[in-house]
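Both of the next two complexes hold chain A, though its partner changes from chain B to chain C.
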Partner chain A sequence: MTEPLLAIAGLNVRFATPDGEVPAVRDVNLAIEPGECVGIVGESGSGKTQAFLAVMGLLAANGRASGSVRFEGGELLGRDRASLDRIRGRRLAMVFQDPMTSLNPYLTVSRQMTEVLMVHQGLDERAARAEALRLLDRVGIPDAAQRFDHYPHAYSGGMHQRAMLAMALLCRPALLIADEPTTALDVTVQAQILALLAELRHETNAAIVLITHDLGVIAGLADRVGVMYAGALVELGPAAAVFANPRHPYTRALLGSTVRLDRAGGDLVAIDGQPPNPLRLPTGCAFHDRCPQTFARCSSEWPALRDVAPARAAACHLDSA
Partner chain B sequence: MTAPLLSVDKLDVRFALRTRRGLLPTWIDLRAVDSVSFTLGAGETLGIVGESGCGKSTLARAILRLVPAAGGRVLWLGEDLTKLDDDAFRRRRRDFQIVFQDPLAALDPRMTAGTIIAEPLRTFHPELSRAAIQAKVAATMRDVGLAPEHINRYPHEFSGGQCQRIGIARAIVLEPKLLVCDEPVSALDVSIQAQIINLLKRLQRERGMAMIFISHNLAVVRHLCHRVLVLYLGKAVELAPTERLFARALHPYTQALIAAVPVPDPAVERNRSKLVLRGDLPSSLAPPSGCPFRTRCPKADAVCAQSMPALLPVASDHTVACHHAG
Partner chain C sequence: MFAYVVRRIAAAIPTLAVIVTIAFFMMRVAPGGPFDLDRALTPEIEARIKAAYRLDQPLHRQYLAYVGDVLSGDFGPSFKSRDFTVAELMAAGFPASLRIGAAAIVLAILVGMGLGTLAALRQNTSVDYATMGLAMTGITIPNFVMAPLLTLVFGVYLALLPVAGWNEGAIRNLVLPVIVLALPQIAYIARLTRGSMVEVLGANYIRTARAKGMPERIVVVRHALKAAALPVVSYLGPATAGILTGSVVVETIFDLPGMGRYFVQGALNRDYTLVMATVIVYAALIIVLNLIVDLLYGVLDPKVRHP
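Coming up: the complex of A and B.
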């Protein structure tokens, strides 16, 4: 059997803080195949961003990742920066939530884009400019040729995110990690960027990890969905199945508390309480004190993510009987 | 029909911006709100929607006189608020309160939850005893789902959702007739959003307050509001009862806005017809001639560049400003 494109095994991320060690990501296992789109959904503090910053080797200085992250057959954790840099930007790329702060304000867009191609692919400046401009045009920057040599401040929020996507795709990465790529944008621009991501996916065949708090963003694009809560992956399965028939009570609660545009009125099924403070995680299942179906075992034993049906996994004691 | 609680009539808000054209600095007018009119009945919830910069927050702030109006009238029970002197206006203020987007930034970090919620009471009811204020604060805390034993805690000791409950408690403690909510759930996590939406819905039902609910999230607006006003670059482009708007929006911008909101259900989302708008919102400093939406509108033609379409009724309760509607 061939190895998946990305294989995350037993990933833990801990941050050293003055108040003690904070477990941000807890024992995450996830394999991503070439060309597939996996949505990772969770609320703030669920560890969804930190897990993939760890994959990229971009954790803050007080963060430590342990476990294993294999990408295209090689281990990423523990690599030195120089060898990571040969992979990042070329095979593995990431776009971030806030597009306005992701481009260097002191350099023209053309300079930032051509540099990537010259460093990673050894193109000369002329060829790099031509290729960078082709991509900037492809991602839908209006009058790309005129805007190519502008500084980022002349771009709107939506144009920033388009330019970031163009930059991430310059070297045809095998995996694109998009962290809340549309959260800072207006809905009409969000719709543009999501449509663009769907097109680019089919053109480039890159696998995409789409990290978001918005179940709607995932619904249109993801083949599979992973749900994170308090640092752990609590459910994983095909998008259609997870939305239609969630197996974990938290997934069910999250869907129940999401306002849907296609439904009028009625009360939302809100989840009581709030996500736990990672410094003081509840014992056992981290969701047990908000879970409507909790029972004795939930407060004493942490349920591991296990297969509950073909291609589906959940971390819940209800499903282990 | 009874007279409306609030009647906004051709309200204008302008901001003068200093720019440099050539050698000399000049002032240009930014029309943040451009001749917007609507009415609001007692107990009614009006949603105001639009993208960032469309003027939705400025409109609400102008109604509450948090920013000055450049023209038009704001009639509260028949009395023009824009004409009142400061003292007279301050006496009316108790009837309309506001809840802000960023719950933590809206609360004074050096005041306890109890002091924050009690402040409007002490301002408008100096005759109340300490015990009476304390009792009212505790009752209001319970009503918004806060534990009264947390009365002496400071804002940083509460979560974002709880801070928003404090903001709501402060706003309703005087039992206002109108509550303005400016993106009250946008900064909150999904599971907390649902709690606050349910809370606002219950308070509105139980207390019969009128509400102006400002949001960029159309799903939330559909859930909470009786009628919806759609703004684009400071202009009202459509106004209709909520269910009518979602069933048959007539303005192409409203249609695009509704189509752009993803539905959290792959079975539905993947089969929706998508009307994806091209381009970005134009700058309000240099709005397009004629209809402000024409630069992004799939139906735009020559007439749209020439004249701004008037907001005209297509039914007794549905108005739209488009040359090509219907």
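Coming up: the complex of A and C.
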């Protein structure tokens, strides 16, 4: 079997804080094949963003990643800055949660786009401008030619995210990491951006990691879905199968708390308890004190993610009984 | 833009008028006068001197006459340095102060912003602590200590540079005064730059630039420097006015023919016309430099546009 596009193995991310070391990502294993779209869901603080910032080499200064992240056959962790810069923005791209603050307010959109092509592909300014403008037009910025040399403050929120997507796709990356790409946008714009993401995916054949807390976003776009809880991947499988028949109690609870407009009335369902403080993770399974099906072994032994059915994995003692 | 500049200069005229008026009357309220000497003058001589300098007229007439003179470009004779007009004194002193001051400002911007950026990039490392520790030292050591210290080391012991003197503005003579003048500014600008640079480097758009694979040089110079320079630009307006008009301490220690000493001499001697001229020059400089700061803001920050 050939090597996957991205192979994350035993990834741990820890942050040194005044209160002690915080484990943000714990022993994550995940392989992503060329062209596939993997959704990563989890609540705030579940480590989904930090795991992929570690992949990008963009952790905050007090963060340390260990384990292995192989991309297109090469190890990313521990790489020197210069060789990392030859991959980031060219083969591996990321768009961020808050598009309004992710574009540089002091530079024109054209400048921020052309620099990518000039640095990575050695294009001259004219060629870079032509290609950048083509992409800005492609992502649906109205009057792109006229807005090309504007500063970001003249763009709306949706236009910011469109420009971010265009910027990320300039060099036709093999993998695009989209971190909550629609969270900061209003609902109609969210739908437009997701539709655009789906179109671009088929056009560029890029693999996509879609990080979100919104299960609806995943359902529409992802081939596979991974569920994260307290820094660990607790379930992984084809999106349709996971939604139809969740194997991990946390996934089940998450799906059960989804608000559905077609079943109006009734109370909103919440998961009992609070997500654990990463400084004081419970022993054993991190979810056991909120889990309706917990039993003795759950509080003593950490369940590893293991295959529970063809192409499906879950980290739960129920499945190994 | 041109209209904006014209409007700002027009708005500066009433400001200057108020400053001139307040300075004129405050100077006269202060006890003593330019011709109060240890030995008393005969009433006859005193009356003739006062008449010669219009001091025998009522205050409001003196004021109107002075304003009239200034508007026609005449800053009057110096009350103390006879044989010289105030304009002549300024013309003699300002170029030297301007030359030293401009060199000190340029040095302070380059070194200060360089050190501040370096400290921000190496935040919380020994490089950071060393740079900021030096900066703190630079701020706390007064120039009347720093100047003799440097003179002693580089002028006397090492004998590399002249101890003092103007020497027609030779570079060798300017090195020490420029450094003494620039040191506290370097220190202050370095601290300002570090603070703003640390903040900017934590911004989301800097993370975007890194995610795009931009080398650190481009991240810092193209993506971070403009925003990080804004507080420095604000500080530089008034700071430059202070430095260009000369420092009495530095000019005295290094025996330089600048205009800094006129501020002190003029005030101590009650040399009314000289004090008024220094006030006007200083105020005009502040106004012009603040205008330049605001224009620079427009250049640096695309959200600031001057209609």
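Just so it is clear, the second predicted complex is superposed on the first by the 318 of 321 C-alpha atoms of A that agree within 3 Å, B and C clash if a C-alpha of one lies under 4 Å from a C-alpha of the other, contacts with A are read in each partner's own complex, and residues count from 1 in each chain.
The working rule: a residue touches a chain if its C-beta (ideal position, glycine included) is under 8 Å from a C-beta of that chain, and two chains touch if they have at least 3 such contacts.
From a predicted model like this one, the values you see are computed outputs, not experimental measurements.
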Superposed partners chain B and chain C on chain A - clash or fit: fit
Touching partner for A:Gly220 - first (chain B), second (chain C), both, neither: first
Chain B versus chain C as contact partner of A:Gly231, first or second or both or neither: neither
Touched partner set for A:Arg90, first chain B, second chain C, both or neither: second
First (chain B), second (chain C), both or neither touched by A:Ser102: second
First, second, both or neither for A:Pro173, with chain B first and chain C second: neither
Broader residue contact with chain A after superposition on the shared chain, chain B or chain C: B
Partner chain in contact with A:Tyr151 - chain B first, chain C second, else both or neither: second
Inter-centroid angle chain B-chain A-chain C after superposition on A [Cα, multiple of 10°]: 80
First, second, both or neither for A:Pro4, with chain B first and chain C second: neither
Shortest CA-CA distance in Å separating chain B from chain C in the superposed model: 8
Where chain A meets both chain C and chain B, residue numbers: none
Contact footprint of chain C on chain A as seen in their complex: 56, 58, 61, 81-82, 84-90, 93-94, 96, 98, 101-108, 115-116, 119-120, 151, 153, 164, 167
Partner chain A, residues of chain B touching it in the complex: 51-52, 159, 161, 189-195, 197-198, 201, 216-220, 222-223, 242-243, 246, 256-270, 274, 276-281
Of all residues in chain C, those that touch chain A in their complex: 123, 203-205, 207-216, 218, 222-223, 226-227, 300-303
In the complex, chain A residues that touch chain B: 43-44, 142, 156-159, 186-192, 194-195, 213-220, 222, 239-240, 243-244, 253-272, 274-275
